[in-house]
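Take a look at the structures listed below.
Okay, so subunit A shows up in both of these, paired with subunit B first and subunit C after.
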Partner chain A sequence: MTNHVPASLQGAAPTTPYRRAHPVRRFLAQHAPALGLTLPFLILFALFTIWPVLRSLYLSFTDYDAISTPTLVGTGNYRALLSDPRFVKALTNTAAYMVGTSLLSTALGLLLALVFGGQRLSDQIMRACFFLPSVAGGVGLISVFKWLFSSEDFGLINTLRQWLSLDPVRFLGAPAYAVPILIALGVWGLMGYNMILFVAGLRSIPGDIYEAAAIDGANPRQRFWKITLPLLRPTLLFVLVTSMIGAFQEFFSFYFLFSDTSNVGGILDSGLSLVVYLYDLGFRHLQMGMASALAWILFLMLFALTLLNLKLGRINDID
Partner chain B sequence: MVGERQHPLLSTLLRLPFYLLAVSVMIPYYWMATNAFKTIPEIVRNPPTWWVHTFTLDNFFNPDAVPGAPKNSAEFLGVFQIFANSGFGQFYLNSVVITLITVVGSLLLASLVAYVLVKRPFPGSGALFALLLGSMMIPWEVTIIPNFLTVRDLGWINSYQALILPGLAKAFAVFFFRQAILGIPDDLVDAARIDGAGELRIWWSVVLPLLRPALAAIAIPVMLGEWNNYLWPLLVVNDDAHQTLPLALGKLAGNLTYDPRGAGPMMAASFLVSLPMVTVFLLFQRQFVQGLSSGATKG
Partner chain C sequence: MRPPFAALTLTALLTATPASAEKLTIWVVGDETTPKIMQPAVDLYKKDHPNVTFEVRAVPGDQAFTKYLAALASRTGPDIITGYLSYGIEIGKKGGLLNLQEKYPALVSSVRKTANKGILESITATDGNVYALPYDLTVQLMYYRKDLVPAPPRTWAELTATLDKLRAGNNKGLVQQWGNAGWVGFFPYLKQAGGNLYDAKCAQATINSPAGVTALTYYAQLYTKYKGPTDGWPDMEQSLENGDYALGMTGNWSLQSIRAGRPKLAGKWGITMLPKGPAGKSTAFEGGSLIGIMSYTKVPDLAADFIKQLYSTRTTVAMIKGANELGTLWLPAGRQDLVTQVNLPADQKAVLMRQLSDSDGPPNCPGWEQSGDAVQKAVQQVVFNGASPKAALDDAAKTMNANLSKYGK
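== the complex of A and B ==
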């Protein structure tokens, strides 16, 4: 029977005439059209992602003012940063901001998802209200906040304080208020986004688990702690870690609320974040080597956060 | 829905604090939208007014104001008059054009790469994908200094390509599209190939239409990121012709520190900057929610 099958279809690949072609030419003939399609992306990717990573790593071990040739200084930049009080201040501010923003926005996001996770029109409207800052927040609204927190008597927050017979406060001029105000802004912008993620997570929990638990006599409180929360753990972890990573890299609100043309960080550097300090070092003082070292320290910290996430995720799988 | 069934104990009374929270979340928007149309004396009045007493468009364009007049003159410039030479309209156009090109360009480039990686793999495509995946770990802070130097050395300071090109190759978009293209049957692509369609044609006519939900999901974060981008334009642009809206807002907010009466035009500018995003959100609310949560629920 097999004798009737033409020789070319017998699966004997080495007998095909293409075998003799030069490997490079054969590779090109086979893949050039497809490779050509990836070229625009790959050129940009190489130029603006791969090359800068290598260059940044090199620069972090040099002294470079953006004009003269970089001179190698070994680990000098890293050691200088770790003993630099401004860096330590920026790190403490950023860490406090990260912890406050991620915990509050995660907790509030979960609460809001539980309260307004339904399909009723009122729930949908409430979700839209909370979600709006994630879409139309940022740049457009930050100057409005600057106005709301104004220490002058037209500042809305201070007007509300007057109603409660409290003394007006110079919110943006008092170091103690800097990080709390930034956390408030961060939570304002993030909790609705986290709420949406939790709503999606809650909806992926099968309803019959709750029915079975209800039949077994579990009360709502027990159902929340024994079913919802354990099954929501992957979402919870994802939300918490992405919130932390985002908060750790916050630049905009710190810069906008606490910087002016002559100074970044506000009074006593109370509004200095790591990325604002990076900007200050690299682009205002032209210490590009030092700024690159700061970027790599930041990267290592974010990397540690991600590893922690993976590790926690694995513990979660074993459960 | 789910919360409802689990928690009948959350009565309206227990919901009350959350309604109050919603009101306080919306206050900045209300404050912006009303103050943009108040006269400047009304904006700085104590106590603040809760609604617009005297409606005015002077914060946008004040026909009585003289550009270049001393700061203490009675009339204040509207936001369209403050940036005299190229003006706020030019910044608006810049922001819209840069955002549109970045969204469309990055989506097309990334979907091309994803298509080739999945349907036309070549020796080394696995390694390339691993490289793309690994690069997603790198925060933008690491690349921003060398990228500034590259743009400067290319002579691109104050140009549109400096604002657009460095952010165009987005690895996370390739990753996302790859997941979506894995779901497209090989038969569909092979059938088009047998019919004589080239790679470009298959990508455009077969793959892209099927990718529509994924394209929408990626377009949203890219659009938001670009519209709000502040630091990169601040670094690579210092002339008026290439300014974007965030930079203009930054300048207005800076002026505010010195003269609180600058709040009128600033509120008007904030209003104009937020308006497109609020409108797009209200029109495409479903896509926003699906797009932003689709990345999370898979993990």
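== the complex of A and C ==
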């Protein structure tokens, strides 16, 4: 290939009519008004979100009691946590709660949406009834469950058992029942909310697909497995991921049902979750470094879980 | 002088003027009643010091520690706090509370003369430092239905004999509320058996002594053999009222609330001391709260003077009477001699005074705060999993000794 540049120009400095601005300066010049408008938010975001997150990462490598100056301990907090039986117990409880709550609330939410997803008045009333616990949730719902499962005669379930001549059961006073009761409470609070999301998802599926399938001879079961479920996959994935994340971060039900004056976590830590343990370490035992390390472990687990869910759902393949 | 400097100097002079009113901000742990209980003390102090203003605020128990830490981190907030017994040494040793022993020794020594001994021991650090003083106290008592238990049990043997009799007659027996199936519930039995959590010098854990094993064996059977309810906080008052249980154990707070809220029990209930164990003691667990001065306060002397006034006869009696009018029971931990002023029937007052003289607070040994969970676990391993009391207590002692070494340095 020959060089077409005239010899007189070869080696000479390129002549430009103006100096090209630095990319950052050019970006600032182009977007100055937008940046100006978003600056207050960016400052607050940096101050109240980015800074605390980075600070907690730093604290997770220190021994810090919230009063004295933090001292660096390397990965000591992480190593201590991973060999701590209470951490393992909290992780086991949280995992069981997460799997139970997210799967059951998703399945029951879908079932409710299929049954009560119509436009009839009765469907709307039933949807409102099932959605109510997610609106009136929190401490109120926990108090109701505390009364339902009380070991004493005024506990509703034990009263029913007595009518059937069965012995009362210590639901809230035996380690074996802690996680199942928490799952029941979580599912009760969440399934109505999931139902609403599924109803919206179901309505976005075009009706003519079902009509075509019916003409082709597909029975209701086949229509559900071959049409409804595949087309509902983005909603299903969203519901599952948010339910799992919510379950992993659950605090109130564990804390209000099972903590007492002398410890959190209930009998033999049967009601100890990761977030409750984080609170226990940080705010009852002043081990802020350990609590920060636990927060980061929690974050990494949730991050991995979400990635896995996205991978399994092959969200990118869905148009 | 240049104008900015002049303005600064003027501002500094104005803010430092002695005539300016001084303010004390006080955060008291508890519900909305707790500031009202302190109000008579505030009123009396303001009467003597008209230029002092007050802001007294309640801090819910489950949020107190967090709020105090936030105040310490920002060095703004209350000048005086009340808190649970563990707060004094824990926050004080880290520099969050003033060392009262060092800064106001006369105040500490005068309170020592009149305060409840068990609480005093709990809040005095092993090096002798005191970061907060006793404010109020609560103590475990045994409640019983007079119509179902004509003679309340006085010893461990009598307790189990009474439970046998009650259960044979279809009564459920004993409901333990405060510290149920945990270390607070086990603590009095340990003491009654002659045992202790640590030795006298806090050099090592002694929970796994023969007395400890005897105590845990006895305590566990109240749940395993006698089927005591294991819910975190069973409703003792309701259980006594409907007659399901004839005996109950909880703090002195029920003395007032049964009278006010359980009219069906009127004339049917009484209190007695906890049963005597093999060591011949009826020791009960006592808790309560303490009062201290935040290290960052700008008015330490004023705060100390206000606290000093809290222990005067005039103020303490006014607070007890104020609490009586509010329909609550307030026991002054710093003036045990004035507990007689509480509004109770004579027989109940006599039992309360006797139980207070045989009661103990949580230990003051280093690392105890980090070891409570291990003792809790040992107790529950025996109660719920049928573990051997000796093995469970050995495990707890191991953790306690490790924490003694770690936090005792």
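The rule we apply is simple: the second predicted complex is superposed on the first by the 273 of 319 C-alpha atoms of A that agree within 3 Å, B and C clash if a C-alpha of one lies under 4 Å from a C-alpha of the other, contacts with A are read in each partner's own complex, and residues count from 1 in each chain.
Rule of thumb we're sticking to: a residue touches a chain if its C-beta (ideal position, glycine included) is under 8 Å from a C-beta of that chain, and two chains touch if they have at least 3 such contacts.
From a predicted model like this one, the values you see are computed outputs, not experimental measurements.
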Task: May I ask you to decide whether A:77 touches subunit B, subunit C, both, or neither, giving the answer as first, second, both or neither?
output: neither
Task: Could you tell me if A:243 is touching subunit B, subunit C, both of them or neither one (first, second, both, neither)?
output: neither
Message: Contact-wise, after the overlay, does A:150 reach subunit B, subunit C, both or neither (first, second, both, neither)?
response: both
Field: Partner chain(s) touched by A:174 [first = subunit B, second = subunit C, both, neither]
entry: second
Message: After the superposition on A, what does A:258 contact: first (subunit B), second (subunit C), both or neither?
response: second
- prompt: According to the contact criterion defined above, which of subunit B and subunit C contacts more residues of subunit A?
  reply: B
- request: Identify the partner contact of A:101: answer first if only subunit B is touched, second if only subunit C is, both if each is, neither if none is.
  value: neither
Touching partner for A:65 - first (subunit B), second (subunit C), both, neither: second
- prompt: Is A:267 contacted by the first partner subunit B, the second partner subunit C, both or neither?
  reply: second
Message: Contact-wise, after the overlay, does A:286 reach subunit B, subunit C, both or neither (first, second, both, neither)?
response: second
- prompt: Common interface residues of subunit A with subunit B and subunit C?
  reply: 66, 150, 152-154, 260-261, 283
Task: Write out the stretch or stretches of subunit B touching subunit A in their complex.
output: 1-10, 15, 18-19, 21-22, 25-29, 31-32, 35, 43-48, 109-110, 112-113, 115-116, 120, 122-123, 131-132, 135, 137-150, 165-169, 171, 174, 198-200, 203, 224, 227-228, 230-231, 235, 245-246, 249-250, 252-254, 256-257, 260, 263, 266-267, 269-270, 273-274, 277-278, 280-281, 285, 288-289, 292-293, 296-297, 299
Message: Using the touch definition from the top, list the residues of subunit A that touch subunit C in their complex.
response: 65-68, 86, 150-154, 170, 172-175, 258-263, 266-269, 283-286
Statement: subunit A partner, complex, touching residues on subunit C are 65-66, 69, 72-73, 90-91, 94-96, 178-184, 229-235, 238-239, 242, 244, 369-370, 372-373, 376-377, 380-381, 384-385
Statement: So, in the complex, the side of subunit A touching subunit B is made of residues 27, 30-31, 33-38, 40-42, 44-45, 47-53, 55-56, 59, 66, 108, 111-119, 126-136, 138-148, 150, 152-154, 156, 159, 162, 188, 192-193, 196-197, 199-205, 207, 210, 220, 223-224, 228, 234-235, 238-239, 242, 249, 251-252, 255-256, 260-261, 275, 278-279, 282-283, 288, 291-292, 294-296, 298-299, 302-303, 306
